[in-house]
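Look for chain A in each of the two complexes below; its partner is chain B in the first and chain C in the second.
Moving on to the complex of A and B:
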């Protein structure tokens, strides 16, 4: 009831719309993936499922309500991959996963037997440079927000023997990608190529809006002891073929040294310019404004009236309060001042 | 609700209110105007005697910490800033409850009593409770045989004489004559209001020995839902011309509570549906929001009651008075 005086906002001249992109750095150290909570491979921040299709990585033991989902790991290969064989462990599931991602991110082509496109380690979709055996890293939207910022992704993996995985490392960057080029637009949004640091070798692609990194197993080519040796040391190809999905994911986790990117949050804002004329809002209905009936801030009638603004209320035509803004400190208002208060509402 | 960081530049902390979010969900979020508030400010800290001069008069006020914005509709702007064309106003009307008239309800302790039925009304008006023939009880739903809650609007400053000239110059000329008031009551307790019928003005000429105080009532119109308070309804209550002038004769005592020129006055009686007679089951509203079977006056009689606040705002002056009210029902007589 207390609000008695309103000032109109002209929708044409007093309202402005802006779009802002905010970026945050998301650094993920390898110790979170392996060894920080529990003993590898039974880390308590790693969640495996009975269906065995993927595993989830949390930043804290996942049974805790404080845990945040970081990303999921899984693997897959195309049915035309040399690794695909009826004897391969979870063969169908690995093919299905590859096809699912391919279908979702690249779409269909009529030129292959199964109809889906193959991932390629380049910006073309011409069937060259296909990646048929891949790891998928699906980042949680909690961290990627609206998308991964182009040109900020890096993934460092160890390429040493299992016991000293980081004796050698390779780093993948989307170094060429930017908002102005070096990406390809597909069903899954823009993707850029992940190049090995210091070379032109490409080992994967990164889908920015989907928040999915597709890393080719070729990054571990030449690594003789990709896995732990429980079943005899295996190469990455042997692991992809003969280990379970979660087992291969465990090996990948063991080899991730660092992972980082910048996320992007798109904020659409509406700025309301609240123009306070010199001759308005100079008095107050605050009960302390009067002593008896005399205005406290005046000694004689000719003293200028003074008020202090702490709050701005934004209303619709039915006088319903739709938004409130508070100033961090009181703002003096008297007849000698005209003010423009910018109230920004973010969506 | 924390304080805002006021160590650097002035920043704005903006949030959508509950209504704003609802309107957005409905697809009709459209801001068309704004208003300003100063709820945190205590103007009594304006120090005209500051030894360092006028630049320091409002030092304390400007250092007032401001709380974060909240989403509740009713805690946003309780006291709005006002736009008045006259920059030379020195006085603004005050609203004060009048307990001096013959039919005025008088406060008991810190609260006004509203009896739900005549049984309760009669019981309260006995010795040992609120006093024999006490004026401290308003009988709900009654047109007659009840006290009224009166109030006046005017310049409460004794440096101005309460006469016609000052009334005209300080109130009427500045568009601060409250010809109506908005009275906000809890709609869970009160179903309506009665107001002065407007047939008679409050009047007493300076030299007159008699005083006219209207008390004839009529029903106020239906209310509208208050946007700034949950479960409250706004009623528009007629403000009647208050022509009570400062007496210049010793045979008439001053009945007005406004020290200076008076603008208007008004009165109400509350309507309620919670009238259950003594001995019958207690209306559920008392169980939900109040206390039941209380031996309030150590008389052995037990009462059900609910305390609430009634808000009275002058439509022109924008000044507000808050009146504590107790809705009371005789549960069982001793």
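Moving on to the complex of A and C:
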């Protein structure tokens, strides 16, 4: 039985709150995305759906219980894009996907003629620098946790011909974004711009809290053989217009060499400073504390009382035990010592 | 947007009890958890798919089939930036390294700051103090867990010669003597003293059972060449592990040990022979042969017992199974959100208003006024072609938002399919939240 001797906690001076940011490194290498499990494009870790609106990427064949969902891939374009045409494959679905993402992430302009905002390759949603033909990479919450850490995202894609996709590469990263600036807050949370490495060209945006990367097809401009050539080699624009959504996603997977970011989990803590006065807690109610009705740790009667603190109990105002904190090793306590024990509660 | 207040009858608190079943099989120095075979990965071809050894549970199940590779890449940088070169540059200039290596695996890190948080691996204060503020403290995944067996020949001889794990449990053993006398450390009749007995301590981490092992569900089986030679069960549900089979076996009906349900320990003391066939079962014994007994149960469960350490191939004739159920409690909140007749019949979605209407009535430095005569769109479906159905007020409910008393959104329940609600309809949405 624990000692029933309570020491009041002053909520003004004995309680403090802190926040710790725990991060995880999330590397997603290209081999997970194509060729590791089965033969591209029929990888067994890639799940396509009958609705054909997106494909899911897993880190292991998705029929295995071990597989984790990594992200979803899809494409879309605005109805005002030159690619939008009634003859385009899955034209309506691609427009709807673009609008759905932009509504959720950016909101509306207030205009009655074209109310849904468009993605822009800058931080000002002023209608300039619009990206009308885009890839969407929707990361699983399992990996993004609370949010992607600003300034840590990088995506390297191959810009060579289809057979040697990585003969040339481009890297996109949110180099300018940080916790203190270079982001814009919208419906979908903060977003930062994805710049091409070594240049000021922007080819996408990254929504940190939503965990969604919007990559403009302009990153592949100048690539003559974006796809595999099954229907004749197509550029990225031709693929976006004439291939199915899953077909274009397959081509993108084939070209992702490396993708990595860090995530963030906020851990809120409350710290209780438990004060142990010199003249208290020098006795234990543990049955083993007494031997023959005498304190076991005292040799002679004049010795000061000694106890070993192993546990701290936190009680509410009704003296009901709410939580216990264990010390890593017992702490010796006698009347010559006064202690402050710091108890941290994470939640 | 209007808010609906929960009544006292709309919120229920419940506790959901579950009994997760665990099954371990121990053979030839390997453990198999829930009959899961050893899986070699495709990419991680030299290791395990989960990067955790056979019999181990992988917390979070991260790093599935990921080999550890030194890519020399920096997280957040392109392929042209070398990690090693960057570290060299930083160290030469005395700058704190605040970037991370991409080793192809997921791993956690925190920056040392005033919160004084760190991983348990940085337990010692001195270790932690050696890092500068802003330095990165990293750990690794997966975190794994499995059962462990400990063969204890000297539980407690003196204050300088004892097994710490056993000594830590002595008080608890005496405490539980009210359940059964077999818990007691020492007894005069019948006479025993656990301090001097040879003990077999099996530790079960709480991740396998939750708050306690469910009494009455424990089953420990000793197999010799595939034949059952002994089974222990806690059939009295008081912690006594009683030999219940096979029928007529030596020691049947005897107590071979006790279970600490809440703490997750099995302490076996039964030393009677379960068979006359002798096996090499003790690590470091140089091939010494012993008859199977409960003190050798579980040999090979993370206790450094294998054919090499016991010095004999007879060890592979032994195999063991351990089955039990756990007990977990999950608190749940059930909330009933009511959409009554004539209520919840408007949407704030901009597409709810007919397209092409003027939005503003008037705006100035002091006034912003929207037109009150804007028309809603008619979403009623007509059964006939070339004929628009009559207008009715109806909405499709797709989400239910839960707010706190300060009207902060604290949760969103999304329906699998939007529900059509007409003015005369009434719905109650049941929202369940595990906490």
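Following the convention adopted for this analysis, the second predicted complex is superposed on the first by the 339 of 347 C-alpha atoms of A that agree within 3 Å, B and C clash if a C-alpha of one lies under 4 Å from a C-alpha of the other, contacts with A are read in each partner's own complex, and residues count from 1 in each chain.
The working rule: a contact is a pair of C-beta atoms (placed from the backbone, for glycine too) under 8 Å apart; a residue touches a chain by one contact, two chains touch by 3 or more.
None of these values were measured; they are calculated from a predicted model.
**Student:** Which of the two partners, first being chain B and second being chain C, lies in contact with A:328: first, second, both, or neither?
**Tutor:** both
**Student:** When the two structures are overlaid on chain A, which partner does A:315 contact: first (chain B), second (chain C), both, or neither?
**Tutor:** first
**Student:** Which holds for A:260: it touches chain B only (first), chain C only (second), both, or neither?
**Tutor:** Second partner only, chain C.
**Student:** With the two complexes superposed on chain A, say which partner A:288 touches: chain B (first), chain C (second), both, or neither.
**Tutor:** Touch partners of A:288: chain B and chain C.
**Student:** Report for A:18: first if it touches chain B alone, second if chain C alone, otherwise both or neither.
**Tutor:** second
**Student:** Have a look at where A:200 lands relative to chain B and chain C in the superposition and call it first, second, both or neither.
**Tutor:** In the superposition, A:200 contacts neither chain B nor chain C.
**Student:** State whether A:156 touches chain B only (first), chain C only (second), both chains, or neither.
**Tutor:** Touch status of A:156: second partner only.
**Student:** Just to be sure I read the superposition right, which of the two partners does A:5 touch: chain B = first, chain C = second, or both, or neither?
**Tutor:** Only chain B is touched by A:5; chain C is not.
**Student:** When the two structures are laid over each other on chain A, which of chain B and chain C touches more residues of chain A?
**Tutor:** Counted on chain A, the partner with more touching residues turns out to be B.
**Student:** Which residues form the common part of the chain A surface touched by chain B and by chain C?
**Tutor:** Looking at chain A, the two contact sets intersect at 288, 328.
**Student:** For chain A, which residues count as touching chain B in their complex?
**Tutor:** Listed in rising order, the residues are 1-9, 11, 15, 272, 274, 276, 279-302, 304-317, 319-333, 335, 341-345.
**Student:** Where on chain C is chain A touching in the complex?
**Tutor:** Touch residues, chain C against chain A: 39, 42-43, 49-50, 61-62, 64-66, 71, 73, 75-80, 100, 102-111, 113-115, 117, 123, 138, 171, 350, 355-359.
**Student:** Which of the residues in chain B come into contact with chain A in the complex?
**Tutor:** On the chain B side, the touching residues are 4-6, 10-17, 19-20, 23, 28-44, 46, 48, 57-58, 61-71, 73, 76-85, 87-94, 154-157, 182, 184, 226-229, 234, 259-260, 311, 313, 318-320.
**Student:** Which residues of chain A touch chain C in their complex?
**Tutor:** Checking each residue of chain A against chain C gives 18-27, 29, 31-32, 36-37, 59-60, 66-68, 108, 110, 112-113, 115, 143, 151-154, 156, 169, 171, 173, 197, 257-258, 260-262, 267, 269, 288, 328.
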